[in-house]
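As written, the chain order gives the labels A, B, C and D, with residue 1 at the start of each chain.
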Amino acid sequence: MLLESLRKEVLEANLELVRRGLVLYTFGNVSGIDRDRGLVAIKPSGVPYEEMTCEHIVISDLQGKIVDGDLRPSSDLPTHLELYKAFSNIGGVAHTHSEYATSWAQAETPIPCLGTTHADYFHGPVPVTQPLSASQIQGDYELETGVAICRVFQKLDPDAIPAVLVAGHAPFCWGKNAAEAAHNAVILEYIARMASHTLLINGQVQPLARELHDKHFLRKHGVHAYYGQAKKS
Amino acid sequence: MLLESLRKEVLEANLELVRRGLVLYTFGNVSGIDRDRGLVAIKPSGVPYEEMTCEHIVISDLQGKIVDGDLRPSSDLPTHLELYKAFSNIGGVAHTHSEYATSWAQAETPIPCLGTTHADYFHGPVPVTQPLSASQIQGDYELETGVAICRVFQKLDPDAIPAVLVAGHAPFCWGKNAAEAAHNAVILEYIARMASHTLLINGQVQPLARELHDKHFLRKHGVHAYYGQAKKS
Amino acid sequence: MLLESLRKEVLEANLELVRRGLVLYTFGNVSGIDRDRGLVAIKPSGVPYEEMTCEHIVISDLQGKIVDGDLRPSSDLPTHLELYKAFSNIGGVAHTHSEYATSWAQAETPIPCLGTTHADYFHGPVPVTQPLSASQIQGDYELETGVAICRVFQKLDPDAIPAVLVAGHAPFCWGKNAAEAAHNAVILEYIARMASHTLLINGQVQPLARELHDKHFLRKHGVHAYYGQAKKS
Amino acid sequence: MLLESLRKEVLEANLELVRRGLVLYTFGNVSGIDRDRGLVAIKPSGVPYEEMTCEHIVISDLQGKIVDGDLRPSSDLPTHLELYKAFSNIGGVAHTHSEYATSWAQAETPIPCLGTTHADYFHGPVPVTQPLSASQIQGDYELETGVAICRVFQKLDPDAIPAVLVAGHAPFCWGKNAAEAAHNAVILEYIARMASHTLLINGQVQPLARELHDKHFLRKHGVHAYYGQAKKS
């Protein structure tokens, strides 16, 4: 089977979204890329998770041409492809309609960094895209969604803020592979929940101090990270 | 057994509401119709879901006359019958007291379309009925509930908006069969949750742009749909 | 074993609270009464639910004298006894710190009847007690809690409104036996959740029309009830 | 194995946080102390809970020197050590990012005592630390977090209020051993949830009357406690 190990990773990352309660029915989709071959593996459209196997995962090239697989890919494939083309370090993309992250996307409000849980994963607020114009919506909609995401990251580092809220729609997350993309989607949902609660408790709360935000992000990421177990070389 | 396959579908759709966390105790009821015979299969009243079998499903004609079954039908049967008579394309009806959809019904507030999750399923806001008058309540109450629903849909397409909130009561949903009616009830609960959260995050949020609403509804429904797997002919 | 069947009922009703997610650790307690003998069976204090057996259920007379059982009864026993003495038709009492009902008690706000789910079980708002005075708190506190509840019901029918919120504390519910008391506690939690959500959606919402409230209460209760299966005589 | 029984207690207390839904992925950490030997057992950093065994628990002295174990300790170890040094009666510390308690910490708002559930465990509001200065954050951050907690308790009794909210971060709880520390973290999350709901129902609610607060705390704690089963001597 073409790209069997990537398919397995992608299948597993999709199932992780189910286990963590981020998807209802067939909602959501995760993909992964093989950079050397320029091929993307993505969940098929509308197939129940409980029946999904590696064979169902669809292989596409970066232009969206299906290279392997009998099923239609997720209709959001063109959005994933835009992200892979623009963000050169990422290896996986996850899209969900998870309850609270989607609510922030619907509110068209960036998620401010209100605590260290957020700072551990996202080095700044989680941004929102600009709404698409009528002609973008009626044109190549899913591709335009990817373009709108990339426009937000012209001035932001996608490796330091691995998530975005698509206005009126839902979040997209990414990471160094499919598993990390799904993991970031789970974390995003959790910080979205807590940000909602926090603002109801204290509507005047200010974002976390920059120093504390940096401290937490950098103790988990980058060359001086000291969280978790040291990677053996 | 009369209409054994319809009974099975109806039983299964009722149990789906339980699995999805939409019902407490014996709350809720789903029915399905055999249009050729003009017969409706509906959950019995007040029987625990864990004991329910096909034999318990009650068969009624469209006038509410019990044709088969030893138990009383759900007391909401007359509401279901009104919907079957007025909405000629539907094959199933689901009624729940699910937590958030019921809260919107109690708030007597239509659920605005705030995002693409809503737009994927409902081609407009989910409407609320007018409150019943004292004489309607004291008269044939469950039938009058059905009449109030149909009045709302005089200017709306029930196939494009397969749900309604009965003011001060709870939602009714429908679909091409019992399974789809139950499925729509699950989706309705989910969008009701997200609409509540969205408004708490941003009380000034505007409904989704019409173009985006149309785009999402039409990519899943109608002749140009491209979501899910193509139906093999 | 003295009152073995009552003990079983009381044990089972206590476990129902656990299964329905109403209790954390050893919180909550349910009792039942044998009116002929004037004896009450109640959960012991501070025993883990997963270890609880019929032998642990404590038997008390109506004056609070322990008649059988090696363990201390729930410290709320004197409250239960006051309710049994004042409300002659009840056979069971349930006390929980369930999340939303307790939040309403803490808010010292009666739960208004905002929908038919409430009306199906409670024939009016769920009332709140007056706060106890310092001397009542420092005196026979648990008995005074019972007295405060009974004072609320001097002008209300405890059979038509089988629950109360003790101000700053939590709910007490009752019913014709221990199982019904626990069942009412589960329903109370559900309507408390929905009332909270409803008010966040629409802070101006008015209580359910009296006619609709009566209709729903009376279709489930009283001589003309037509909900559920007819009781065979 | 050094301190095998303490390791087991600490492992078990960490797993209790998982069972009670207080942790996501590898979030959270619980430690316990052997006062006689001056040694602390703590969860390792970033190890999945489902794979964790007694061997993974790290043993440190009170200066943070690792005495036994192959893995890095939780990065929050210096905070735990400060608490053990300052609060002489405690035997366990638990740190979580549980959803509602963390939201209160992010809101930088003390949790007021709004009901008897709170009063049963915490003899006053749950306080919030002062934010750290930039130099404290950039210096020995985790130790400074412990210092900030101890500063709050200069005028409070840590045995009567076994929890604190670290501003912009999350809660720390403690108790006479690791199990009680974890138990208090579970209770804190529950009262944090209920305090949030209570304020949304009634934004004008006042803290519980002092007499009632004292009554509940003292019926569970101290020499006149009468809740639970008497300890056999």
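Methods note: contacts are C-beta pairs under 8 Å (C-beta built on N, C-alpha and C of every residue); 3 or more make two chains touch, one makes a residue touch a chain.
None of these values were measured; they are calculated from a predicted model.
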Chain B against chain A, contact positions shared by both copies (same if over half, else different): different
Rotational angle, Cα trace of chain A fitted to chain D, multiple of 5°: 90
Between chain D and chain C, distance of the C-alpha-averaged centres to the nearest whole Å: 33
Whole-Å gap separating chain B and chain D, where each centre is the average of the chain's CA atoms: 46
Two or more partner chains touched - positions in chain B: 200
Full enumeration of touching chain pairs: A-B, A-D, B-C, C-D
Residue ranges of chain C touching chain D (in the complex, touch as defined): 24-27, 44-47, 71-72, 75, 97, 99-100, 102-109, 131-132, 134, 137-138, 141, 168-170, 196, 199-200
For the chain D and chain C complex, residues of the former touching the latter: 114-117, 183, 186-187, 190, 193-195, 197-198, 200-202, 205, 208-209, 211-212, 215, 219, 226-230
